[in-house]
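Here come two complexes built around chain A, the first alongside chain B, the second alongside chain C.
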Partner chain A sequence: MPTNGTLGQNLNAPSIEVSNAQFAYGSRPLFDGLNLVLEAGRWTCVLGPSGVGKSSLLRMIAGLLSGGNDTAVRCGDGSATAGRVAYMAQRDFLLPWLNVVGNATLGARLRGEAVDLDRANALLQAAGVGEAANAMPDELSGGMRQRVALVRTLMEDRPIVLMDEPFSALDAITRLRLQDLAVRLLAKRTVLLVTHDPLEALRLGDRIFVMNGSPAGLGSPLEPAGRPPREAGAPDVLSGQARLLRELAEGGK
Partner chain B sequence: MSLSYLRPLIICAGLVAVWQAVVTFTGVPAFILPAPYSVLLALVEDGGLLAGHAGVTFIEIALGLLLGVLLGAASGIAMSFFVPVRRWLFPVLVVSQAVPVFALAPILVLWLGFGIGSKVAMATLIIFFPVTAALYDGLRRTEPGLLDMARTMGAGRFAILRHVRLPMAMPAFASGIRIAAAVAPIGAVVGEWVGASSGLGALMIHANARSETDTMFAALFVLAVMAVTLYFAIDLVLRRLITWQPETYSSDD
Partner chain C sequence: MSSKQRFATPIIALVIFALLWEFLVWINDWPNYVMASPSDLGPAFYKFRWLFLEFGWDTLWRTVAGLMLAIAFGVVVGMIMGFSRTMREALYPLLVGFNAIPKATVVPVVALLLVGQHNLNTVLLAFMISFFPITVSISIGLSTLEPEYRDILLSLGASRLTIFRKIALPKTLPEFFGALKVAVTLAFIGTNLMEIVEPHGRGLGHLFDSGKISADYPLMFAVLIALAVMGIGLYYVVVILEKIFAGWAERQES
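And then the complex of A and B:
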């Protein structure tokens, strides 16, 4: 298997600082004056119930949503996040008229750049879908489709990766496998994973924030021991689940 | 041969039998309702004449379809891509649909003459709106998450239109073309009724004036066969080209 040195070329992952994030859905403020730091080269998980504003926060960091006037999203090295972010959603968004390789190399095609087929094939191989390179999306299972979506995200080779519940539509076993794969392939990148699954956050996160309330705020981060991906039965994962569930439930009152 | 192939034949035979029965038992005069056999005779005897007129009508339909689809596609894309075009053109298009297009036929004949020009214009006019509306609607309904992803990949508006939105809108566009194929013959024939020296519609008007009802029926038959063949040929081509259409078959069995 190729190492990350060959698959990821410009890994100089910055930290990201979000300050005073504001966003209102109509007249209802989802969050107001929210601060978050994503540490460089590590996984940060934001855990929260549906509709709390996790996705909006993620889209704000991606530059897809503008916050309030005082809202600032900056990289630790002082530059903006524009052009340094790759985005992966819950749905795979594979284009049905392109085969697997075509989908994996979509970014280059959209930017009018030359397509790096060697790298695409190497990454598809690493993600366990090398055999399906010429298959059409509708011939693939949900897990395989999400693997291809992961490869497409990696093809962007961005130092920052934002993931919006990318594994939540998968069955339990497929989800565990995809989580392991993502940790391996996204090593050394600054990752933000938004999820509503405490187990997922505990397996993958270096730091885990619970997002709760209305307008929503972030609690103090939980930093489980050990390196991701953690075993589902590891002590910190089990005790962490109890704590996270409790924090989630408190916010629901 | 299974029943599903035989069924259309059985239906046709049944209809002809009912037709013959009406003629036989009511003794209706031939200039009101000719017997199936005399229509068949007219089809054979006037074969050359019918073919010539059918050729003219077919050219009108084909040119009208081509122009209507091209203009409709152009305006659909322009409306979706340029906001001012949408703001100015869309209300005009909607209001224009309140005008009964067939009432324009005499004016078109006055302006464009008795040749095929006025009939092509008539067909183009009635095709234009369904094609525009279908494509515009398809372009508008692109998945927002997909657009988010394309934007984080650094795609410009035109690249998104070309690589994502247009292909995504193809099934909707195909529906528009199917409707166009079904209504194009109506436009051509109405144009011929109002004023023409050739074409199946003109032949019907002239035969009517001379009480050659069997020729009228023969012309109607040729027109129906042509329209149905055109529709299914276009449907077949669209199915072959656009394979990513999520087809759901329902069954009564």
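And then the complex of A and C:
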């Protein structure tokens, strides 16, 4: 199996600093004056209930949503985030008229660049969908489709990866497998994972923030022991779940 | 289903239909000036074969021209409505209202406005009756494109124009072809409305009208059958185009 060294080419993953993030949905402020640091080359998880503004925060960092006047998103190495961010959503959004390889290499196709087929095939192999390279999306299971979406994200070889509940539509076992796969393939990148699943955050996160309240704020981070992906039954994961659920519940009052 | 069966099934259905029709006329002992039977159609076709060819061509090209116009108009207006909520809210009542008007009442208006322009008038009527489903399908297809699609594609470095051209438009193709199948048959109605209500000596509608004047019921029914056959033919042209351009949307038979 190819190592990450051959698949990830230019990985000088920077840290990201979000300061004074501000966003209102209509007249209702979702968050205001929110600060968040994503440490370089590590997984940061933001855990929160639906509608709290997690996705908006993530889209703001991705540059898909503009914040308030004082809002700033900076990379730790001083350069801009533009062109260095990959984005992955809850649904795979594969194009139904392209086969697996076509979808995996969609970025290059849309930009009119040469397609690196060797790299695509190596990544598909690493993601466990190498056999399905010529299949159409509607011939695949939900888990396989999301693997292809993960490969599409990795093909971009961006040092920063933002993921918006990418595994929440999958069944429990498939979800665990894809979490392991993501940790392996996204090693050394700066990752932000937004989720509403405490177990997922605890398995994957180097640092876990709970996002709560209205307007929403971030608590102090939880930093579980051990390297991701952690075992679902590890002591820190189990005790962490109790704490995270309590924090989530407190914010809901 | 094998390809032999796929062809045989509709043909058997047609034969059964013709037999039932023949039987109905025979059992009621209807004379030819009340109701024609399938066995009268052959002689009628043969007797007027050159007229059928000539007028059938008139009707066909006018219908296709009207459809082309409807597609061009429907795609442009559907795009405007698909992207702008304001335009959607502004144009929907107008379109629905216009579509609700019986097109037979539009015939004299058009015929007076563009007096003597029979070809143009007929094409216009085919257009007017068939653009609505196309417009609605494009508008719905575009306005229901998930915003996350746009997010993902923007983050892949695609320009908005590329997203529109390579993603948004292809994604509306299944809806578009669904609407086109409806529009094809509607367009024939439009063409014949003009040819029958405002007779000008061209098209199958005119042949129908002359059948009526001379109480030649077999001829009238033969015209109807010819129209049905042309409608079916054009419908399958759309089906083939759909297979080529939107075959990916077809569910696997399992």
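Going forward, the second predicted complex is superposed on the first by the 253 of 253 C-alpha atoms of A that agree within 3 Å, B and C clash if a C-alpha of one lies under 4 Å from a C-alpha of the other, contacts with A are read in each partner's own complex, and residues count from 1 in each chain.
Methods note: a contact is a pair of C-beta atoms (placed from the backbone, for glycine too) under 8 Å apart; a residue touches a chain by one contact, two chains touch by 3 or more.
All values reported here derive from a predicted model rather than from experimental measurement.
Chemist: Once the two structures are overlaid on chain A, check if chain B and chain C clash or fit side by side.
Modeler: They clash: once the shared chain is superposed, the two partners overlap in space.
Chemist: Tell me which partner A:Glu139 touches in the superposition: chain B (first), chain C (second), both or neither.
Modeler: second
Chemist: Kindly classify A:Leu95 by the partners it touches after superposition: chain B alone (first), chain C alone (second), both, or neither?
Modeler: The answer is both, since A:Leu95 touches chain B and chain C.
Chemist: Quick check for you: in the superposed arrangement, does A:Tyr87 touch first (chain B), second (chain C), both or neither?
Modeler: both
Chemist: Show which residues of chain A both chain B and chain C reach, each in its own complex.
Modeler: Of chain A, residues 59, 62, 64, 83, 85-87, 89, 91, 93, 95-97, 106-107, 110-111, 138, 156 contact chain B in one complex and chain C in the other.
Chemist: Hey, which residues of chain A end up touching chain B in the complex?
Modeler: Against chain B, chain A makes touches at 59, 62-64, 83, 85-87, 89, 91, 93, 95-97, 106-107, 109-112, 138, 156, 162.
Chemist: Which positions of chain C touch chain A when the two form their complex?
Modeler: Those in contact with chain A are residues 146, 148-149, 151-158, 162-163, 166-167, 170, 246, 248-249, 251-252.
Chemist: Along chain B, where are the residues that touch chain A in the complex?
Modeler: 143, 145-146, 148-155, 159-160, 163-164, 167-168, 170, 243-244
Chemist: Quick check: in the complex, which residue numbers of chain A touch chain C?
Modeler: 59, 62, 64, 83, 85-91, 93, 95-97, 106-107, 110-111, 136, 138-139, 152, 156
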